[in-house]
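Worksheet: the structure to be examined is printed underneath.
To keep things simple, chains are lettered A, B, C and D as they appear, and every chain counts its residues starting from 1.
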Amino acid sequence: MLTSREHKSEDTTFRIGSTVVGRDFTIIAGPCAVEDEMTFLDTARLVKSEGAHILRGHVYKPRTSPYDFQGLKDDGFQFIMAAKENLNMPIVMEVTAIEYVPIVAEYADLVQVGARNMQHFELLKAVGRIRRPVLLKRHPAATLYEFLMAAEYILQEGNENVILCERGIRSFSDFSRYTLDLTIVPALKERTHLPVFVDPSHASGRSAYVPPLAKAARACGADGLILEVHPSPENARCDKDQALTPEIFKKLMHELTS
Amino acid sequence: MLTSREHKSEDTTFRIGSTVVGRDFTIIAGPCAVEDEMTFLDTARLVKSEGAHILRGHVYKPRTSPYDFQGLKDDGFQFIMAAKENLNMPIVMEVTAIEYVPIVAEYADLVQVGARNMQHFELLKAVGRIRRPVLLKRHPAATLYEFLMAAEYILQEGNENVILCERGIRSFSDFSRYTLDLTIVPALKERTHLPVFVDPSHASGRSAYVPPLAKAARACGADGLILEVHPSPENARCDKDQALTPEIFKKLMHELTS
Amino acid sequence: MLTSREHKSEDTTFRIGSTVVGRDFTIIAGPCAVEDEMTFLDTARLVKSEGAHILRGHVYKPRTSPYDFQGLKDDGFQFIMAAKENLNMPIVMEVTAIEYVPIVAEYADLVQVGARNMQHFELLKAVGRIRRPVLLKRHPAATLYEFLMAAEYILQEGNENVILCERGIRSFSDFSRYTLDLTIVPALKERTHLPVFVDPSHASGRSAYVPPLAKAARACGADGLILEVHPSPENARCDKDQALTPEIFKKLMHELTS
Amino acid sequence: MLTSREHKSEDTTFRIGSTVVGRDFTIIAGPCAVEDEMTFLDTARLVKSEGAHILRGHVYKPRTSPYDFQGLKDDGFQFIMAAKENLNMPIVMEVTAIEYVPIVAEYADLVQVGARNMQHFELLKAVGRIRRPVLLKRHPAATLYEFLMAAEYILQEGNENVILCERGIRSFSDFSRYTLDLTIVPALKERTHLPVFVDPSHASGRSAYVPPLAKAARACGADGLILEVHPSPENARCDKDQALTPEIFKKLMHELTS
């Protein structure tokens, strides 16, 4: 397997902006979705000033209900450009269909395949043929084997810069949206050379649990984090319960880097 | 919601070949994948002679590993044509990417969106715009709400002929591939006017459990079944452990219709 | 293993009152708990007249919260006696601690070890030493192997009359209390000679789903059912949402026996 | 609720030997089971010299199969005494039945109720009436509510010195025995004043994952750890795959305390 330590023993590393993924502890932060220019740029400035390396800039949003906010789509790209020009910050953006791969690969520095598309094999092959690094999120019901095989589809097409991201599994929990499965961090590091990230925001669904889980992820060997941050979470158009306030984000970044 | 009983109280029914889905108890049967002409036509003749209404004719196969058999793809359409011409039997075929929607809608009488694509929202919208009925399989980690919302994406685009299909949820089982969740049959029938099918072959992963589960599905109100049948399961190119032999299929069909 | 088909190939059968468990399709019915004499005797008469073979007569109730109704305990035995004398109906009663084994074995014709005590190994050994048949419920997180090994503890002590009862596994369901795992019925019948029952009331937690699941359980080969019935479910002191009304119970019994 | 922060806002703390549980970060370590005098004393000396506060000294072992090693039972108490006299180290011991409560409370400094007995309510009440602190392990299928209500049974009887211990939930994992649910640590700390421990050995079932998970547990706010350590894990009579070697334990203790 191309993803295995047997195939390649040393850790895969690659540069995105100022961070070397797989070597530095990398922080991706930003809003759940791009909503409007001012909110987006405010959040971007905040997360940059606190030391985040990559900005969340999602304009296509896969949503459970067709009646939920679906992202700004094409209207969001102008704000992405504004953030890149003003702040010189790399962007991660989700791609939800093969037809969007070219435009997302043009604007984004890191292309995300979301959890619900983890076994959308045609999309995996499509992002395997681009020159951008890919962030592949684990489906909440995926086994480790299925997760690695999904990455294998990408590597097989020639793209070796893939980040694996744990974001919580489906369980019977009565206190969190998903159950963050941190055991997969050392289990993946044992089997694969690819970098492993953790998203405690989507996993827990509650901002109060994000700082302790972020620190736990780092302690057990994760290579990076994805954190949802919003200037005023109560006004966010999606996932308001899990976004960190600027104050809590600042405090967490201080704890993670000290 | 367009899928709800509040929106439409009477059961949705529609004709496919000789069966009226939602009114008659409908049997879909056939091999996991189209493999070669002779095996496919043999299986087709068998399932037709035993009373199945729709033939499985999958040429695109989503597979966990890129090293597994991926289906015959375009080479399979000739065998589909041969089966339709010789046997006059409707075909269900899975569509795994938006780009395949036109050709699948041309050859198939029923277009399947597989479990792993249940929240591939762009594909749901694409099959919502065709004139063919759609078979939507439940993702093994999908809640009832997520399942209905996935169907809602299809109905919203104008296609009201959607079959919902339970095929097992992910659990800790040490004796079956997935856990068949038959409780969702009455739970769905209570909330939605759409027909509900059950696939005991993929759920259990073992042919010995398929007949009792098929009978159980019927007893709890399912509108139809999907059954994997193969002339010699030990030679099947995928899912050999769950395909029924011709003898067991014949016996089961007799029990289901008596 | 004493529980295995290798050890004993023919089905285990034993008589309780008018039914031969493992040979006849056996119905256990009655209230969640014994509440008061009149309600209990009314329910007993009802379930007997509709053809149930064994009456639920639980006086010790294991409850999640210490603030919930814990059963009548010793005060309930007089009502059990009244039901046995007036109606000549066998009783199933749960035992929740080793110290209650003697009194429960004296009053009950079938001794229940509840799901939460499935791996209370000292209790298993204690009921293995009595002369009464035992109804062992599957823990909602037990694998098939763990379930059979729990029964093995009982058989090892000399008691071979054990009924295995599926009552739903813990899952992520958003529409039922537990997920009824009917696949375990054929899976157990394949491996063990012990009779297998199903409890659709506790599994689904909703009376509307009980009749379809009861019929499904029978269709897939279960040897019997446990059904919660109450003269006026809205007044029940526990599990009011899952108890069948007399009318629905009557209709279900008619469907099961026709 | 007696377990709630509303009832008591400040953290519960109590002394066991040299540690104040709920205030100090407490390490419990030792073998899965007491096997023989030399192995037990060797392990005891090792874990003490590396800074562990409490010694695992289990003589009653609940085991899935009746054919597995069931613990030394009464024969083990002499080794417990030897360890206490020679090393002056507090002991944690599991109690598996009400009848053993008095003797376990006499020999042990901390009385463990194992995961499988978490809802053995009569046992909970029995340990609620003793003067020893209780370590209550979460059942692998227990919700947070069920876990707290189990502790409530103990507090209601008058024993307020209860430690809650997460040890992994049942899931579909293909790489670990259970899925360690660290999110419950901050979720419990938010709701209850009781100390919260984590057992990464039983959760993961693989010694290689124990050090990263132990550090993660500490980072997310746990009050203590339970670690399985064995002088030569390959010879352990139970759980050999998850016991730390002396070398790895030494290294981990150094990392946890630096």
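The rule is simple: contacts are C-beta pairs under 8 Å (C-beta built on N, C-alpha and C of every residue); 3 or more make two chains touch, one makes a residue touch a chain.
Note that the structure is a prediction, hence the values are computed from the model and not measured.
Undergrad: Compared with chain A, which chain's mean CA position is the farthest off?
TA: So the chain farthest away from chain A turns out to be C.
Undergrad: Once you count every C-beta pair in contact for both, which comes out on top, A-C or A-B?
TA: A-B
Undergrad: Hey, how far is the Cα centre of chain A from the one of chain D, in Å?
TA: 36
Undergrad: On a C-alpha centroid basis, what's the spacing between chain A and chain C, in Å?
TA: 48
Undergrad: Find the geometric centre of each of chain A and chain B from their Cα atoms only, then give the gap between the two centres in Å, rounded to an integer.
TA: That pair's centroid distance is 34 Å.
Undergrad: Please list all residues of chain B that touch 2 or more other chains.
TA: In chain B, the residues touching two or more other chains are 141, 145, 170-172.
Undergrad: Where on chain A is chain B touching in the complex?
TA: Against chain B, chain A makes touches at 62-66, 96-99, 116-117, 119-123, 139-141, 145-146, 149, 152-153, 156, 170.
Undergrad: If you look only at chain B, which of its residues touch chain D in the complex?
TA: Those in contact with chain D are residues 170-172.
Undergrad: Which part of chain D faces chain A closely enough to touch in the complex?
TA: Those in contact with chain A are residues 141, 143-145, 169, 171-176, 179-187, 190, 203-204, 208-209, 212-213, 215-221.
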